[in-house]
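By letter and in written order, the chains are A, B, C, D and E; residue numbering begins at 1 in each of them.
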Amino acid sequence: MKYAYFPGCSLKGLGRAYEESLLPVMEKLGVELVELNDWNCCGATAYMSVDETKACILAARNLAIAEKTGSRDLVTPCSACYLVLNKTKHYLKDSPEIRGSVQRALEGAGLRYSGEMPVRHPLDILVHDVGLDVIREKVVRPLTGLKVAPYYGCQVVRPYATFDDAWNPTTMDRLLATLGAEVVPYPLKTKCCGGSLTGTLPDTGLRLTYILLKEAVRRGADVIATICPLCQFNLDAYHDQLTRQWGPVPIPTVYFTQLMGLAFGLPESQLGLRRNFVRMKPLPALPARA
Amino acid sequence: MEHSPRQIMALVRADFKDEVLRSRSIWLCASCYACTVECPREIRITDIMYALKQRAILEGIYPKRFPIPILAKEFFKMVHSKGRITETLLVMRLFLRANWRAVLSSWRQGIGLIRTGRFVLRHERIENRAQLAGMLDSDLHDERRITPKEAA
Amino acid sequence: MKTNLTNGDIRIGFYICHCGHNIGGVVDCTAVAHEITGLPGVVVSRDYKYMCSDPGQELIRNDIREHALNRIVVASCSPLLHEHTFRNAVEAGGLNRYFFQMVNIREHDSWVHTDHAKATTKAVALARAAVLRVRFHRALETTRVAIHPDVLVVGGGISGIHAALTLANAGKKVYLVERDPSIGGHMAKFDKTFPTLDCAACILTPKMSAVRANKNIKLWTYSEVAKVDGYVGNYTVTVRRKPRYVNEELCIGCQECIEACVFKEGKYPDEFNVGLSKRKPIYIPFPQAVPQVVVIDPERCLQLKSGRCKKTCVEACADRQAIDFTQKEEMAEIKVGNIIVATGFKLFDAKRIPQYGYGLYPNVVTSIELERLVTSSGPTGGEIIMRDGRTPQSVAFVLCVGSRDFRTNRWCSRTCCMHSMKLAQLVREHTGADVTVFYLDIRAPGKGCEEFYDKSLKDGIQFVRGRVAEVTDWALTPEEEGKLVIRAEDTLAGVVRRIPVDMIVLAVGMEPQADSQAVRRLFNMSCGSEGWFLEKHPKLAPVSTFTDGVFIAGCCQGPKDIPDSIAQAGAAAAEAMALIDRGYIEQEPNTAYVVEEDCSGCKSCLPLCPYTAITLDGTTQKATINAALCKGCGTCVAACPSGSIRQHLFEDDEIFSEIEGVLTHA
Amino acid sequence: MHDANWEPRIVAFFCNWCTYTAADLAGVSRLKYAPNVRIVRLMCSGRVDPQFILAALAGGADGVLIGGCHIGDCHYVEGNLKTLRRFQMLKRMLAEFGIEDQRVRLEWISASEGDKVRSVINEMVEQLRPLGALALREQFKEWGREVADGQPVSVALGEAKQETEVAHV
Amino acid sequence: MSKPKIAFYWCAACGGCEEAVVDLAEDILGVLDAVDIVFWPVAMDFKKSDITALPDGALFATLLNGAIRSSEQEEMAQLLRRKSQHLIAYGACACHGGVPGLANQFSREQLLRFVYEEAPTLGEDGRSRPQLESEANGHELELPRLHQAVRALDQVVPVDYYVPGCPPTPKLTQEALAMLLSSNPPPRGSVLAPDTALCDECPRKSSKPSDLSFAGFRRPHEILLDPEKCLLAQGVVCCGPGTRGGCGALCVGGNMPCSGCFGPTSRVRDQGAKLLSSLCANIAAKDEAGINLALDGIPDPLGTFYRYALPHSILQRNVSQAARAETLSL
C-alpha cells in the first residue's frame, strides 16, 4: 500500500512529533508514504482570509504535484491541510470562475490537475484500508488501564464528513480500543480548540481550550488523543496560563500515532513524546498475567 | 465581539458595509464550520465570513493593530516569499507588528519550545519559489482590485 | 370515411380572453383575434375581458344564435380549469357541447413567457391549431356510469371516523378499513386538545362508539387494502384481513384472557404507549379501544410461535370460546363507488437529529411520549416523571424538530407550536416545573389560538426565540451538573445561552406515512414532491384527487390540526355523497371504438388494454371495445396497425390538424 | 444557413394527467421558460402515434418533446410503458432517417414537477439551437421542384392525396 | 367500334409486374378480346413515337409500373398521363415507391460516390462517374439525369387508380381491368384491393394468441418456421397486420412472413410508423435495457418497416444535414 504524503508546515515545525510518530507506525504496518517533492504551504485557515482564488491556486499546486506521482490517494495528517485541500477540490468542481484561474496558473507552471485524486486522512487509511485486525496483530504492549479521551477537532469532520460521522465520529475511538486503551466517552470530541485565537485573542481562545481540558479531566481521562498539530499545541502549551486563570487541568495531550507507537512497543524517544510541554506519565503497569 | 454572526448577516443584507468590515466579529471566526453544518437553510456562513475578511483586507479598512488580520497578512507574505510557514518566526513577526508586549508575556512558551527542540529560527523554504510566485501572480485578481468574489 | 368538410358547413366562433391582465398583459389579444379571422370557416372572432364570466358566456350563446355558429373555440386558461364551463355555455347555446375546443394561452403562454411578441405569435399558432382541429369535431354524448352507493373509507383516525359517520348518518353503507387493531389514530393518544383543553378521549370515544354502534358502518380493523380495480362508481377493492386469533363477535373485551396469559406481566413494548410501557402477547390496544376486542401478537405468542403453550387464555375464556388460534389471513372483496383515503401521517424520527440526544439521553422525550405520560390512562397514570422516577423541576420544549429544515423536512408541520404550548401548560399544572419553549416563530393562527399563547405566557412559561443547537450532558458550571444542558442562541437577547433542564421534550413534526408511495399507487393518485397526496387543486378542490371517485382527507394531504381534519373529512363525505345521490357520473366521451368493417382481427390490440376493455368477438373474429370499461387512454388507437380503432375527442384527423395548425403559422 | 433570429420550434405531446398538469403548475407558479414549445394535449403518452412525431417533423418542427408520467404513475396503469417501448425503436429509425438524436426527446414529468417542465424545455431549446433548423416543410418544397409539376409538399398532411383533382381530359 | 387502347410501361422496375401480366396465361386472350394493347415495350418492339403520335387521351388506360427515378422516366410518365384517360399505378413501385424506394435512405451524392467511386469491386482506374453528356467514337451520348430521390407515380403525375402488390396477383390484375371496363368504376384515386389488413384472410389467423408479447424478434432464416402457426407468434416480424389484404397470403403460404408489399390501409398515413407502433407496444420488457435487447432482433428497422413504402412515408427520404445541403443542381 503506497500513498502520496503531504506533511504540511506544522508537521515540520511545532507538530514535529506527529510526523515523528506517524512514519514509524505506518512503516510497522507496511504502509509506504512518499512525501511530495517541493510541496508548498496549503494556506491553512489564514491565507483564505486574504484572497480566495490565490488560496485555491496555492493548494492546487500541491494537488497537481501529488497527481504527477501517479499514486492513488494523497494522505495529509494535519486537519487544516486536510480541510483546505478538500475545500479546494470542491471549489474547483463547483466554481467555473476559480477553476479557470487555477487552470491558467497551473498551465503557466507546466502542471495539470484533473480533480480525481482523493485527499484522505491517516485515520481513514488506518481503519479502512489497513484494518483494525492488522493493527491488533501489531500491538505488542496493549495500553490496558490507560483512559484516553478521543479528541478529533473540528476541521477533519466539518464541513466534509467524508470518512466519518460529522456529529459523533468513531474511527479513532475504535482504533484506540484496538490498542487496548479504555476510551472515555467524550461529548466534546468535535468542539473547536480555539485554533489560532489562542495566539491572537488569548482570553477568547484559551477559554475554549480550558473547557476541553477540564471536561477530559472530569471524565477521568489520563490523556487526550488528538489528530491535529494546532489542537495539540493549544491543549499542551498554555497550562500555566489556564491554571492561573481558571484552575489546574493536569492532563497531557498526545497524537494518536504516539499512542499507537507505544502499543507497537516502539521506543519513546522515537515517538517524539519528549516534545510535549506536559509529559505523559509512564504507562500503567500491565496486569500480572498479561 | 460587537456583533453576533446573525447580526453580521443582517447588517450585510442591510448594506451596512463599513459597520461590518470595521467590526472585529468577522475576524473571530476560527472556520470550524459548526455553523455551516447546522444551518437549516444550508447557508455557507463560514465562506461568507471569509469573503468579508477578504473584502476588509482588500479595502484596507480592517481594525488597525488587531492581531488576526495582521496574522493573516503576515502569513500571506511569508507563503509568497518562502513557499512554507515557519510557525515560530510567524508568531515573532505577529507579536512585533501587533503588540510587542506579548513577546514578553509568552516567554514561557518560548522556553518550552527551546526545551522541546521545536524553536526554529531558520525559514522553511521550497526550491521552486519562482514557480509558486509566478502561479500566484498569474491570478487575474490583481486588475479587478475593487470587485473580489462577492460573498457566496 | 372522412367527414366531407367543405367549408360551407363549418361556421366557427373564435373567442380570446384577456383574463384581466393575466393574458392581456402579455398576449396582444386583439391582434390574435384579427389574425384568426382570416382562417377558413371562422365567422366570428372576438377578444373579451373575462370569457368565463356570465357576460362572456352570454356572448357565446348569442353569437351561436345570431351567426348560426356550429363550432366554438375559446382561447383562455387551462382546459383542466374551465373546459366544463365553456362546454355548458356551448350547450346552452343549442350546440352539442363537444363542438368546442379550448386553447391554453394563460398557464402555457402568458404566465410563462416574458417576450410579448413571441407570446402573441405562440397564441396565434395555438389558436390556429384549435380552429383547424374543431372542424373535425363530431357531436358526442357523455356516457353515464352508475355509481355504486357504498363507500370505502381507508384509515380509522379522526378524519376517517368523521367521514364514515357523516356518510353512515346519511344512510350510506360504509366500509371503514383500519390497519391497527383499533380505530382512533393519533388523537386517541392525546390527553387534552388545544386550544380548548378539552379531553381528547371525551370528544373522541363517543364518536368511536358511534362508529361501532352504527349499522351502516362495516368496521374492519387490523386490515389493509391490498388491491383496487375498476373506476369511479365501480371499484372492486380487495381487503387483506389480518388474523386477530380472537373472534370479534364473541369477545366482549372482559380481558380475563390477558390476566390468565402465561406471561405474568408485560414484556413487549406497547405500541399505543409508544414504548413507554410493556404489554403481553395478548393485549387490548387501549382501554377505550373500538372494537373492544383483544388481539394476539403472532410474533410474540408462544402458542403461535412454537405451538407449545398451556393456553391458559383459552381456559380463561371458557364460556365464550372467543380465542381461535386457527384463524387465517383472509382476502375480502367489496364493491364500492367512492373511496375516501384518510391514512394520516407519521411523526418525524427524532433520532435523525443526533444533536438533540434523543435515544442517547433518557430524559429527552418526544411530544407524543409526553402526551402518554400526562394522560391519566397512560403508563404513569398522568404523573410526569423522568426515567429515574423523579419529577422534573425544569422542562424544555424544542420546537420545529425536523421541520422547517432543508436537511430534513422543508415544510412547517403547523400543529407543533400549539401542541407544545398545550403540553407546556399541562406540565406547569401537573408539576409546577419551570418550562422553557425554544421556538423560531410561534404559529398560532386558529380561532382561540393566540389567546392560548397569551395564556401560556401568563402561566409563566418562558419563550426563548432561537433554534436549539445542541443538547449535552457536559456541565460548565456546578448548577449544570447532572442536568441536560441546552445550548441555543437567544436571538432576541442576542447571546448564546446555556440552559440546564431536567427533561427535554422534542416537538417532532409531521411526515407522510412510510408507505405513502405504495398507497398512492393503489388508488392511482399522485404525490407532491414531499410525499403528501396531491389534491386536484390546492385551493378549489383540496379533498378531491385527479382520479374521480377517490377523495383524500386529513393529514395524508398535508399537516393540519384536528378542526381542519374534521372539516376535510366532512367535505370529502359531502363530495362522495354528491356522486352517490346523483347516482351516475358523466364520463368524458373519449373512449376508443373499433370500426368493424375495417378491423382484420389481427389481435395486436388485445394485450394492450390494462382494463381488458378490448375483446375478440367470437362470431365476427374482430376486436370490439366495451365502452364502459374503456378509460380513453388511446394506447390501442395509436397501436392499431390498420388504423381501424379510433378515439372520440382525439381522432387522428383532429390531432394531425392540430399539428399542422401549430406549425403552419410563422 | 438560416436567418439570424431563427428560433427552434418544438411540438410537445403532453399527457393530460401528469405533464400537462405539470405545465399548468409551471404556469400557476409563474416560472419562465422559452416560448418555442407548442403543447398538444393527449389523454396519455400511449396515445402518441409515431405518425404524429413524423408529421410534426415533416410539418416544419425542429424538435418533438413527448411528456408522460413516470413509469408506475400512469393514470392508465402502463400507457407510458408502451410509449417507452415505441420510443426506443423510433429513436433508432430516426437515426437512419438522418435526424439528430436530440431532436426527439421523451421525458417523464409528474404532476408536481412544474419546474422540470421549465428546465427540460429550456434545455431542449438550447440543444436544438446549434443543430439549426430542420425546416422540412421548405425542404420538401425545394426537393419537389426537381419534378416538373411535382406534387405540393409531402404526402404527410394528407390533403395532397385526397384533393388531387384529376387533370382529366 | 374499335376496342379501347391500353398501354403498359415500366419505369424503375424489375419487370416482375410485366411478368404478372404474362402470368394471366391463357386469360390474356380474354383481355385481348376486350382491349387493344398499343404499347408494351418490354413485350414487343413499340417505340415512344407510337405514343407521341396519338392525340391526347387516346389511350383508354395505361398500366404504368415501376417508380420514377430518372428524368426519362418522369418524361414518359408525363407523356402517358397526357395520352391516357386512366393512368393506373400498377404494382408496389408505382403505388408506393417499392423496393427501389429504399434508395431514399441515402442522398444522391452518397449513392453516386459509393457506386462509382468507393465500391470495393471497382478497380483502381474504374473510379469515374457517367456524365449526362459525353462523346464516344464520334457520337453525342446523352444520359437521363438521376433524380435526387425515388418517387412513387402519384408524386410525379396525378394517378387514377392503384393496383398494389409486388407483383400484383393475376386475379387482382383481372379484377382491375374488368372494373376499368365496367360501367361504374370506383371513385378516382382508390386502391383496387381490399381496405382491411392481410390477417383478415390469413390462414394462420386463429393460431395467433390474444395475449402475444414479444420477448425478442428473430429473422426467418434464424429459426425453423412452423408452417401452421402465426409467424408473429413465432417471434418473426410479419407486416400482415399493417398491410392490405388481397394477395391471398401468398408469402405466408410459402412459409415466409408478409413484408408489406400491398402497402397500408387507406386510414394509415405512414405504414412504417404504424407497424413500429403496434409491434413495439407489445414488447414484453418493461425497462429500457430489456427493450433495447429485444429491438436488437430487428437490425434494420427502416428496411423492415418501409420495405415498399419509403417514398410514401411522411419523411419520404434521408433528411440528414448532408442530404439537405446537397443542392439540386448536382
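Throughout what follows, a residue touches a chain if its C-beta (ideal position, glycine included) is under 8 Å from a C-beta of that chain, and two chains touch if they have at least 3 such contacts.
None of the values given here were measured: they were computed from a predicted structure.
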Both-way neighbours, i.e. chains that touch chain D and touch chain B: C
Intersection of the contact lists for chain C and chain E: D
Minimum number of chain-to-chain touching steps separating chain B from chain C: 1
For chain C paired with chain D, centre-to-centre distance based on mean C-alpha positions, whole Å: 35
Euclidean distance of C-alpha centroids - chain A vs chain D, Å: 59
Mean-CA-position distance for chain E and chain D (Å): 29
Mean-CA-position distance for chain C and chain A (Å): 52
Where chain B touches two or more other chains at once, by residue number: none
Contacts with 2+ other chains: residues of chain D: 46, 49-51, 55, 82, 86, 158, 162
Residues of chain A touching at least two other chains: none
Every chain pair meeting the contact rule: A-B, A-C, B-C, C-D, C-E, D-E
Chain C to chain E touching residues, read off their complex: 1, 597-604, 606-608, 616, 621, 635, 638-644, 652, 656
For the chain E and chain D complex, residues of the former touching the latter: 56-57, 68, 74, 78, 81, 85, 105, 147-149, 151, 154-156, 158-160, 188-189, 268-270, 272-274, 276-277, 279-281, 283, 285-286, 288, 291-292, 295, 298, 300-302, 305, 312-324, 328
Complex contact set, residues of chain E against chain C: 195-200, 205, 208-213, 240-242, 245, 264-269, 274-275, 277-279, 281-282
Parts of chain C lying in touch with chain B, wherever the complex brings them together: 355, 404-407, 467, 469, 489, 491, 494-496
Residue ranges of chain B in contact with chain C within the complex: 4, 6-7, 38, 40-42
